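Each of the next two complexes has chain A plus one more chain, namely chain B in the first and chain C in the second.
Let's turn to the complex of A and B:
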C-alpha cells in the first residue's frame, strides 16, 4: 500500500520535472533548416505536446496502464517494448552483483568483527577506507583499463559476435564471461561499505548483554558467534539489504554506460540527451519499481528472521 | 578446609584513555562457604558488579585484575586457561545478571537457550538436553514448561524471564551462584515470589549464593552473612541481624537508614522518603589517601585522613573497617 503511493508519487514528480525541463525533442528540430516551423508544429500537435500538463500526464498514465509507458519520439514506438529487455539485462547484472557482494561481505565482516585490534583489523580498515574513497567512475575506468591491457575479459557488451548461433550452454557461458567485468566493478564498489556495516552490526551484537550472559554460561565461543551474535545481527543486515539495492542500482547505471552493458543505463542517458521524455521516465519508473521490490523482499525477510516483528504484525 | 570461594586482596582497575586508573575493587577479601548465602550491599558504583565479573573472568577489556587471588574449591581461577574457565562457568559457578530482560537472546526461543547451557557442559544428546531444560523450567515454577520452552523472551513477563534466567543458571547444578540484584527490576509482588523461589532452590540444591541485593527483606530472610561494600572495599561484615539491627560502620548506618525497609507490618501505607547520606561517593580514579568514607563521615577521627583503617574483628565475630573500632 505504502509502496503503491510511493510509486504514484515518483511517477507524478518525475513526470512534472522532466516536462518542466527546458526544450523538448522537437525543439531540436527547429534548428534544422530543412524542417519547416509548420511541420514541427504539426508533429507537436500529433504527439499532444501542445496540450496542458495535466492532460499530458493523464494520457501518459493511460498508456502506463496499457503497459506501453508512453511513446518514444526517437524510436517512434511505445516505450514498454524498448524497456523490458533492458530491464532484464539490468536485473541480471544487479542481482548477480548483489548476491556476490553479500556472499562476500557477510563472512568477511563477521570474521573481521571477531578480530578486534590486530593486523587483520588494521589492514581491512585501511583497504576499505581506500576503496570507499575511490570514486565509482575511477574504479570502473581502472577495471576497464585492466581488461583492455590484459585482454582477460571482454570490455563491453553482453554477448560476443555470433552469440545467436551458439548452443545453449555456450550462450550461458558467453554471457557469464561478459558479466565478469561489470559485476566486478559493482561488487568492488559496494562491498567495502557492506563489509564495514556487517562488521559493525556483528560487533554490536557481540557486545550485547545476552552475549556476555551466554559466555557466562560457558557457551563455546563459536556457538556464541553463530547462534547468538549472528541471529541478532540479522535484523540490521536485512534492513540494509534494501538500501544496498538502491546503491547498487544507481552505480549500475554508470557501469552500464561505461562498459556498454545493454541495460537501463545507456537507454536512460540516450533518452536524456535526446529529450525523449517518455523514454526518460521509463527507466526512472523501472528503477523505483526495483527498489520497492527490494524493500518488500527485505521486509519479508525481516519478518522471517525477527520474532519480535512477527508478533507485532499478528 | 578451605572455603568454596576464597577471594583475597582482589584489586580491579578500569583504565580509560590516559587518566588515572579507576579503582573499582580495592584489596577486597571474602569467603563463601559451601551452601552459604552471603549478601552483598552497597550503593551504586561501589564495585559489586565488577567484583562478580572478576570472579568469573568476565571483565571487559578496559578492566584489569591488578592483584589478589580468587580460589574456587582451592583452584586459582586467575590462572585458568580460556577453555578451563569456559568449563567452569555455568557448570560450577553461575551468574545471574542485573538486567534479566537483557540476558536472553531476543530472537531465539527460551527453551533452547536453557538446553544449550546443559549441552555446553554435558555430553548428552540433544533430546536429553531438551528434557533437562523442560524439567529445569518446571523446577523454577512454570506450570506449563512446554509452552514457555517455545516462547520468545518478549512473549514473557519480566518475572517469567527472570525465572528462565534462573533455570539457565541452575541447569548444570553449580555449587555457587553469583546473583547481581536478581529482583531489582521487578515489581514488588514478583520480587517476593522470586525471593521465595531463590530461597527454596537454594536449600533444595544446597547452593552457595553470593547475592547482591538492596532488598533488606530478602537478605534478612536468606543470608547467613551480610557484607557491606563502600568504594571497592568491604567496610563491615556480620550476620544479618547484627548488621541490620545494629550497624557499626558509619556508612552502614547511613545506608541502612537510606534503604526502604520491608513493608511496615503496622500498615502505614505511605512510604517515608529516607534521608540519603550527604555527599557523594569518591571518584574511583582519585580515592582519598585515608578512609574512603571520611569526606562524608559524621564521626570522623584524626587518623581517618591519614591512612585507610584496617579490618578489625570484634568479639561477637563481626568485622568492621573503621578507626572507631580500632582500625
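Let's turn to the complex of A and C:
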C-alpha cells in the first residue's frame, strides 16, 4: 500500500517535472520553414498539448491504466508497447547480475570474515578498495576494450545477426553470450561493496556472545559458522539486498547505454535527447517499479528468514 | 601510524590535484581548445635528453612529429632539429583568479608541439584539456556537495527539530526522491532542462541538478542526529532558560551535525564528480569544445579510439587516484 502511494507520488512528481520543461517535441518543428505555425498548432491540439496541466495528467493516468503510458511523438505510437520489451531486457540483465553478485559475495565475504589479519585479508581489502575506486564508466569501457581487442565477446547489442532464424537452443545461447560482458560489468561494479558488507555482518555475528557460547560448548567451528553465525548475519544482508538494487539499476543505465544493450537505458537517453516527454516518463516509472518490487521482495525474504519479524506481525 | 600517513597522503594528493586544476591556465602549455588539424591523435611526446648524434643535453627537448601516409595516428619524428623545452614562455592568454595572464609554465618553440599526454582527434593537447577539464569535473563535485549538504542540512534540521507535520511532509518527500534509482532521477531532472546551452551555464545547471536531486539522503541522516540532540539535557535546560529556537539550533544542535556533514562530504564529492562525468559523457552535461573529464571520455565510444589511443583514457585514469583519496579521507573521518 505504501509502495503504491509512493509510485503515485513519483508519477505525479515526474510528470510535473517533465511537463514544466521548456519546449516540447513540436517546438523544434517550428524551426522548420516547411511546417507552418498552423500545422504545429493542429498537431499540439491533436495530442492534447494545449490543455491545462491537471487535465493532461488525468489523461496520462487514464492511458496508464490502459497500459499505454501516454504517447510517444518520436515513435508515433503508445509508450507501453515500446517499454515492455525494454523492461524485460533490463530485468534479464539486472536479475542475472544480482543473482551472480550475491552468489559470489556471500561465500567470499563469509570466507573473508573467518580470516582476519592475514595475507588474504590484506589482499581482499586492497582489491575491493581498488574496485570501489574504479569509476563505473572506466570499468565498462575497460571491458569493452577487452572485447574489442580480443574478440572473445560481442561488443554490444543483445543478439547476433540472424538471431530470428536460429533454433531455440542456439537463440538462448546467443543471448547468454551477449549477456556476459554487461553482466560482468555490473557484477564487478557492485560486488566489492557487497563483499565488504557480508564480511562485516558475518564478522559481527562471529563476535557475538552466543557464538562464543556455542564454541565453548564444543560445537565444531564449521557448524558454528553455518548454523549459528550465518542465520544471524542474514538479516542486515537481506535489507542490503533491497538497497543494492537502487545502485544496480543506476549502473545498469550506464552499462546499457555504453554496451548498447536494448534495455530501458538507451530508450531513456534517446527520449531525453528527442524531448519526447511521455517516453521519458516510461523508464522513470518502470525503474521505480523495479526498485519498489525489489524492496518488497526483500521485505518478504526478511519475513521468511527472520522469525522475529514473522512473530511481530501477528 | 600508517593510517595517519595514508590520511596525510590523501589530503596532500587532493590538495595538489585541486591546485593544479585551479592553476590550469598556467600549468597547461596550450589553450584547451587550440586545435592542430594536422596532428590528430598525435602520440605522447617523450622528453629526450640524448639527441640523434648521441650528445647529451641537460635541457630536455622534443622532436616535431609529422603524420605518415594516410593512416591516422601513424607519426614519425623529425630528428633533424631538436626543440628544447623552455620554461615560463608566453603563449595563449588565460585568466587566473580573474587576472589575465599569458605566461605558461613550459612550452617549446613553434612549429613543434609538446604533447606530453598526446593529442585528441582535433590535435588538441590532452594534458591541457585534462587540467582544464579538472576545473569543471572536480569543482562541479565540490559545489554540488556543498549544495546538497546545505539543503539536506537545512531540511533535516527543520524536520528533526520541529517534528510533527513539518517532519512528516519533509520525510515523505524525501522518500519520494529516494524511491527512484538515483541516476534515473538525475536524468529525468536533467531532461526537463534545455539541452544545448553554453558551457558556463551548463556547468551551473549540472551543479544545481546534481546537488538538489540528492538532498534526501543527507537530510535523513541529519534528522537522525538532530532528533537525539534535541532531547539532550543541556538543550532542554537551555530551552528552560528561554533560549529561542534559532539560538538552540545555532549553538547546541548544529555543532553536533558537523562531524556527520564532514564524513558525508568526503563520500558525496566523488559520487558527484562521477555524476558530472557520466552526464557529460552521455552528452547531457558540459559540451564541446570546453573540456570536462566526461566529454573527453566520450571519444572512447568509438571503437578505434578505444582500442588504439591509450592516452585518450587519461581522464578516466585520473579519476581513480582522486576517488581513492576521497574514500581514504572518508574512512579516516568516520573512524576518528
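One rule holds for everything that comes next: the second predicted complex is superposed on the first by the 314 of 314 C-alpha atoms of A that agree within 3 Å, B and C clash if a C-alpha of one lies under 4 Å from a C-alpha of the other, contacts with A are read in each partner's own complex, and residues count from 1 in each chain.
Throughout what follows, a contact is a pair of C-beta atoms (placed from the backbone, for glycine too) under 8 Å apart; a residue touches a chain by one contact, two chains touch by 3 or more.
Only a predicted model underlies this, so the values are computations on that prediction, with no experimental measurement involved.
S.K.: With the two structures overlaid on chain A, would chain B and chain C clash, or do they fit side by side?
M.R.: They fit: once the shared chain is superposed, the two partners occupy separate space.
S.K.: Figure out whether A:157 sits in contact with chain B (first) or chain C (second), or with both, or with neither.
M.R.: neither
S.K.: With the two complexes superposed on chain A, say which partner A:107 touches: chain B (first), chain C (second), both, or neither.
M.R.: neither
S.K.: For A:118, select first, second, both or neither according to whether it touches chain B, chain C, the two together, or no partner.
M.R.: neither
S.K.: Could you look at A:217 and tell me whether it touches chain B, chain C, both or neither (first, second, both, neither)?
M.R.: first
S.K.: Using the superposed model, give me the angle at chain A's CA centre between the CA centres of chain B and chain C, as a multiple of 10 °.
M.R.: So the angle at the centre of chain A is 90 degrees.
S.K.: If you count the residues of chain A that each partner touches, which comes out higher, chain B or chain C?
M.R.: Residues of chain A touched, chain B against chain C: more for C.
S.K.: Looking at the overlay, what does A:308 touch: chain B (first), chain C (second), both, or neither?
M.R.: In the superposed model, A:308 contacts chain B only, not chain C.
S.K.: Contact-wise, after the overlay, does A:14 reach chain B, chain C, both or neither (first, second, both, neither)?
M.R.: second
S.K.: Can you work out, in whole Å, how close the C-alpha atoms of chain B and chain C get once everything is superposed?
M.R.: It comes out at 11 Å between the closest C-alpha atoms.
S.K.: Mind pulling up the chain B residues that touch chain A in the complex?
M.R.: 56, 58, 86-91, 94-95, 97, 99, 102-108, 116-117, 120-121, 152, 154-155, 165, 168-169
S.K.: Please give the residue numbers of chain A that touch chain B in the complex, ascending.
M.R.: It comes out as residues 208-210, 212-221, 223, 227-228, 231-232, 234-235, 305-308, 311.
S.K.: Please name which positions on chain A make contact with chain C in the complex.
M.R.: 6-7, 9-10, 13-14, 17-18, 20-23, 129-130, 132-138, 141, 144-145, 148-149, 155, 245-247, 249-251, 253-254, 257-258, 268-269, 271-273, 275, 277, 280, 283-284, 287-288, 291-292
S.K.: Any idea which chain C residues touch chain A in the complex?
M.R.: It is residues 172, 175-176, 178-185, 187-195, 274, 277-278, 281-284, 297, 300-301, 303, 306-307, 313, 316-317, 319-320, 323-324, 327 of chain C that touch chain A.
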